[in-house]
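Note that chain A is present in both complexes that follow, paired respectively with chain B and with chain C.
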Partner chain A sequence: MNSKSAISNLNSSVWRSFRTAAWLGWQIESNWTDPFLFAVYSIIKPLASAMILVVMYGVITHGDFASPLFPYIYLGNAFYIYVGAVMTGISWAVVDDREHYKTLKYIYTAPTHFPTYLCGRGVARFLTGTFSVVITIVCGILFLHVPIDFAAMDVPLFVVALLIGVLMLAMMGLLLAGVTLLTVHHYGAVGEAVAGALYLFSGAIFPLDVLPAFLRPLGFLMPITYWLELLRRTLVGSVAQAFPTLAGLSNAQLFAILLGLTALFTALAAIVFRWCELRARERGLLDRVSNY
Partner chain B sequence: MSQQFSIETQDLGRVYKIREGKKKSVKTLVALHDVNLQVPRGELFGLLGPNGAGKTTLIKILTTLLAPSSGWARVSGYDVVREAAQVRPRINMVSGGESSGYGLLTVRENLWMFAQFYGIPSAEANRRIRELLQVVGLADRLNTKSSDLSTGLRQKMNIVRGFLTDPQVLFLDEPTLGLDVGASRDVRAFIRRWIEQERARTVLLTTHYMIEADELCDRVAIINQGRVLACDSPANLKRRLQREAIFQIETSSPNGLSARDFEALPGVRQVAHHPGDGKATFEFILDAEEVVGAIINTMTTKGVRLLNLSKREPTLEDVFVDLVGRSMEEIESADKEMA
Partner chain C sequence: MRQTGWRLFLQTVIARAYPRVIGMQRERSWMFFDVFLPLLAVSAYVFVYRAIGAPEEYVGFVVIGGAMTAFWMNVLWAMSSQLYWEKEQGNLALYIMAPNSMMAILLGMAVGGMFATSLRAAAVVLIGSVIFQVQYVVVSLPALLAVFFLAMTALYGMGMMLASLFLLLSREAWHLSNLAQEPIFLLAGFYFPIKHFNFWIAAVASIIPLTLGLDAMRQLVFPSGAALGFVSVPIEIGVLVILCVVFLVAARVLLGYMERLAIREGRLTESRG
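Up next, the complex of A and B:
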């Protein structure tokens, strides 16, 4: 087989894996036997957590909703929904297929591109996540006066940054999927746990300077930090000047850092995933069921 | 493809590391030891062995799911470790006795999805799905959610998944485990027909049913504790015992007589003892027919009554007993007691 046809084979298997996995993920995700549950999960849950945040903010600041801190927190929290959704969507597919459906071995030994397959499984969670994000922001604008100035929005930058961020989150999800391959007992959703932990280190609800100095570097290393900042600035320009942490950086600089860190995480995810996959194959973990 | 063998292994070995409880001691378990097999294209090859023999481990290695610890293996001419991406489009695998699949998808959707992974166009996939479901008697369940299928029916769906992609080499790990008698027979017949349809097809099947190995397979490897003890056509395997005499003796309650009491007698090669309710069955492989006299003597001096005595043709079971020293049944019930 020459290298050209090898590459086109890989291309078609990558696309096949992604498309089919996305289809499967959607079938699973949209399988709400009860539309009420779907509403609770994608509308009420994110709105409830946004409300808690708003109430806490109101109490602490004595109702200073005009401060740029308010949209900072509100939007940071809203977009952070993607972190849990995408990372969990991808890493949870390993547990789901291996433990619940017992199909992981058949998918792994099929001519699929395995990491692409897992990324495809995250698409559905991205879509339902988008639904939650949109609902949260729309409610913020309608009822809480989150000050989005539609004329000042940088729509192209917003869209590009959003998409790069989703790619970045997918790579982090893949990294976690690799780790999940090596854990025999399923500790719930690793993705959700990591997303919860990173909530505090990525400037989602407060600027990084609030953190103790020794924890700040973690925040500066996380591409999520720059991603959230960029999304906020493209929607509400005024937040840029309000906080010292990243105020020194222009949008272009933020974008460059986001790109760089995303590339770094992509490389890291590729290496870690490959390593974990080989270890899992060596140890016989690809079809291991934990029995509880 | 000009390669001679569909499956070829050389000194293939696999060791599992087992961590025991909270103590940090790590034990090793040899699941496969220096396995050398060559399966030519077009063959229906059987692996026969008791629980824990290493059959599934071998299949996992050959299907690129598990890495070997030593030696190498090639499938369709490609190395299963270094060229896994070349092996995968050419193979498929079905494990019996498990219910895998996405319960929320219909039978057709489950199968269609796997066809997609192999790049089979939808129309062709749907045609094959209908055809194969017809064969296994699931045609009327095309649009049933697979969670609504019984375990056996789910297994049939799984079997269809294996054939659906028309693999060059198909691995079937105890495909009839858990199926009823009729369904097992249908599946066996279908496997036979499938392989005869096209010369390029090869099947490796594991089983611990003797008849399955005997009636279905062109060649059989007998495997125990990770080692291949013999590998030949069922007829040739049995022919090895042609010179020996095989007797089956049914007795009244054996009064403490056990296989060991007979093993000491000259001319007795192997004894298998199947205890029953108030009676017992002994099977003997003897160097010559005359030896049976001494056996009957031993029984009568112990006051054991003979209920039935018959001489019969050797079966694969006898070949197994001759090679291993115990019947598969004994090995498996001993394992159960230990567990």
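Up next, the complex of A and C:
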């Protein structure tokens, strides 16, 4: 077999793994109930999460939703849904297949490209997450007057930033999936802990300046910080730039940092996942079931 | 000697509580995550309050509310869904075949879960209070203890009742438990006083025992708590007593009904993954 046909076979295997995993993930996510109930389920959870912040904000500011801080909090929280959906979704696939369905060893030994399979499993969560993000933002615009100016919106930058961010989250998810391969007894706690920590340190729902000074560098190391800032700026423009944390950076600079950190996390994910996968094979963890 | 009657009931309660208390302490990493995850959420909401310039007592409200999420999560995932998990693992049929009361098994799960979760909630309150320098002024310790135990009894009674309802579910159980997190955090006022809701919304939310439990506890431990309380503490105690009775009786009645229904429909051993 020449190298050209080997590459072609790999591409075919990668695409097949991705497509099949995406379909499987969608079935797992959605076929437990009828479409109507599934839609309600997908709406209530993110809206309730957003409403907690809305009530907290409304109570303290006596309903001053015109303040720039409100869209900052609201949009940050809305887009953060992708973090739970994509990053945690990909790592959760390991727990789900190993512990719940007990199929991980069969999938691993099948002619699939395993990392691609895991990324494919995240597609269903990405789709439901997108639905939740859209519903949350639409409700914000309709009922809370989140000031999105569609005429002034930088659509190309928004779309590109969003896609790069999703790729970055997928790579972080793959990194976590690698770690999850080694942490049999900790079920989904690793993913939840990372998502929770990122919620706190990435300035998703409050400007990083509010954090104690010694914790802020953690936020500056996270690509999600720049991603959320860029998305806010493309949607609400100068409102997002009212906060001093990243005010010194232009959109181009934010984009460059996001690209750089995404590349870094992609490389890191590839190395860590490969290492964890080998360790899991050595230690016989791929089919270890804790029955927790 | 063969045990019967109340001795068997008590032994069953202890036997089912044992793995909850001992098993949950055995996995050290779980203890870490059980304390660490609520603390992350507490910290995030505290910083939101600080970003919008909230009075400091709201920080205390968040710390107490964040600690109490541990009980709600325990009731959801380790009480309501428990019979579903047991069914998935193949234990449920064994429970029913054994010569003991299912009510005693549920009670054992509740007692064990409550004890183990109390340790975690106490850790969240302690660490959260130290980190965010929360000041408490306890108005009445007996009233505070009464509210806590009544709220826990009603909450775990609710968990026992839901466990029997979940008996008929399959994969929906996981999704329903997942769904009952954020909406309940919102309705029950885990991170803000429910007084800010419309009266009728708060009244409906009071069906969840933690709503009034939290509100009463906040009134009893924070100087401004009474001003931000939904109704007075004695009324909340009275409602909690009623909720205790209603949920425990409902749990007993529903458990018997659902068990018979599940047996008749052949759902006790099914596993639909």
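Observations on the model:
Quick note on the criterion: the second predicted complex is superposed on the first by the 279 of 292 C-alpha atoms of A that agree within 3 Å, B and C clash if a C-alpha of one lies under 4 Å from a C-alpha of the other, contacts with A are read in each partner's own complex, and residues count from 1 in each chain.
The rule is simple: a residue touches a chain if its C-beta (ideal position, glycine included) is under 8 Å from a C-beta of that chain, and two chains touch if they have at least 3 such contacts.
Computed from a prediction, not measured in an experiment: that's the story for all the values here.
Following the overlay on chain A, a side-by-side fit with no clash is recorded for the pair chain B and chain C. Of the two partner chains placed by the overlay, only chain C lies in contact with A:Tyr57; chain B stays clear of it. Once chain A of one complex is fitted onto chain A of the other, the partner contacts of A:Asn11 are absent, as it touches neither chain B nor chain C. Judged by the touch definition given at the top, the superposed model places A:Gly284 against chain B, while chain C stays out of reach. When both complexes are overlaid on chain A, the residue A:Lys45 reaches chain C alone and has no touch with chain B. Rounded to the nearest 10, the angle made at the CA centre of chain A by the CA centres of chain B and chain C in the overlaid structures is 80 degrees. Judged by the touch definition given at the top, the superposed model places A:Phe206 against chain C, while chain B stays out of reach.
Contacts of A:Gln253 after superposition: neither chain B nor chain C is touched.
Residue contacts after overlaying the shared chain place A:Thr112 against chain B, while chain C stays out of touching range.
Of the two partner chains placed around the shared chain by superposition, chain B and chain C are both touched by A:Tyr101.
Superposed on chain A, the gap between chain B and chain C at their nearest CA atoms measures out to 5 angstrom in whole units. Chain A residues 101 lie at the interface with chain B in one structure and with chain C in the other. Residues 27, 29-30, 33, 36-37, 40-41, 43-45, 47-54, 58, 89, 170-172, 175, 178-179, 181-183, 185-186, 190-193, 196-197, 273 of chain C touch chain A in their complex.
Those residues of chain B lying in contact with chain A across their complex are 16-17, 60, 63-67, 85-86, 88-89, 91-93, 95, 98-105, 109, 113-114, 116-119, 161. Looking at the complex, you find that chain A touches chain C at residues 32-33, 41, 44-46, 48-49, 51-53, 55-61, 69, 73, 100-101, 185-186, 189, 192-193, 196-197, 199-200, 205-207, 210-211, 291. Contact residues on chain A toward chain B in their complex (touch as defined above): 1, 12-13, 16-17, 19-20, 23-24, 27-28, 31, 101-103, 105-112, 278, 281-284, 286-287.
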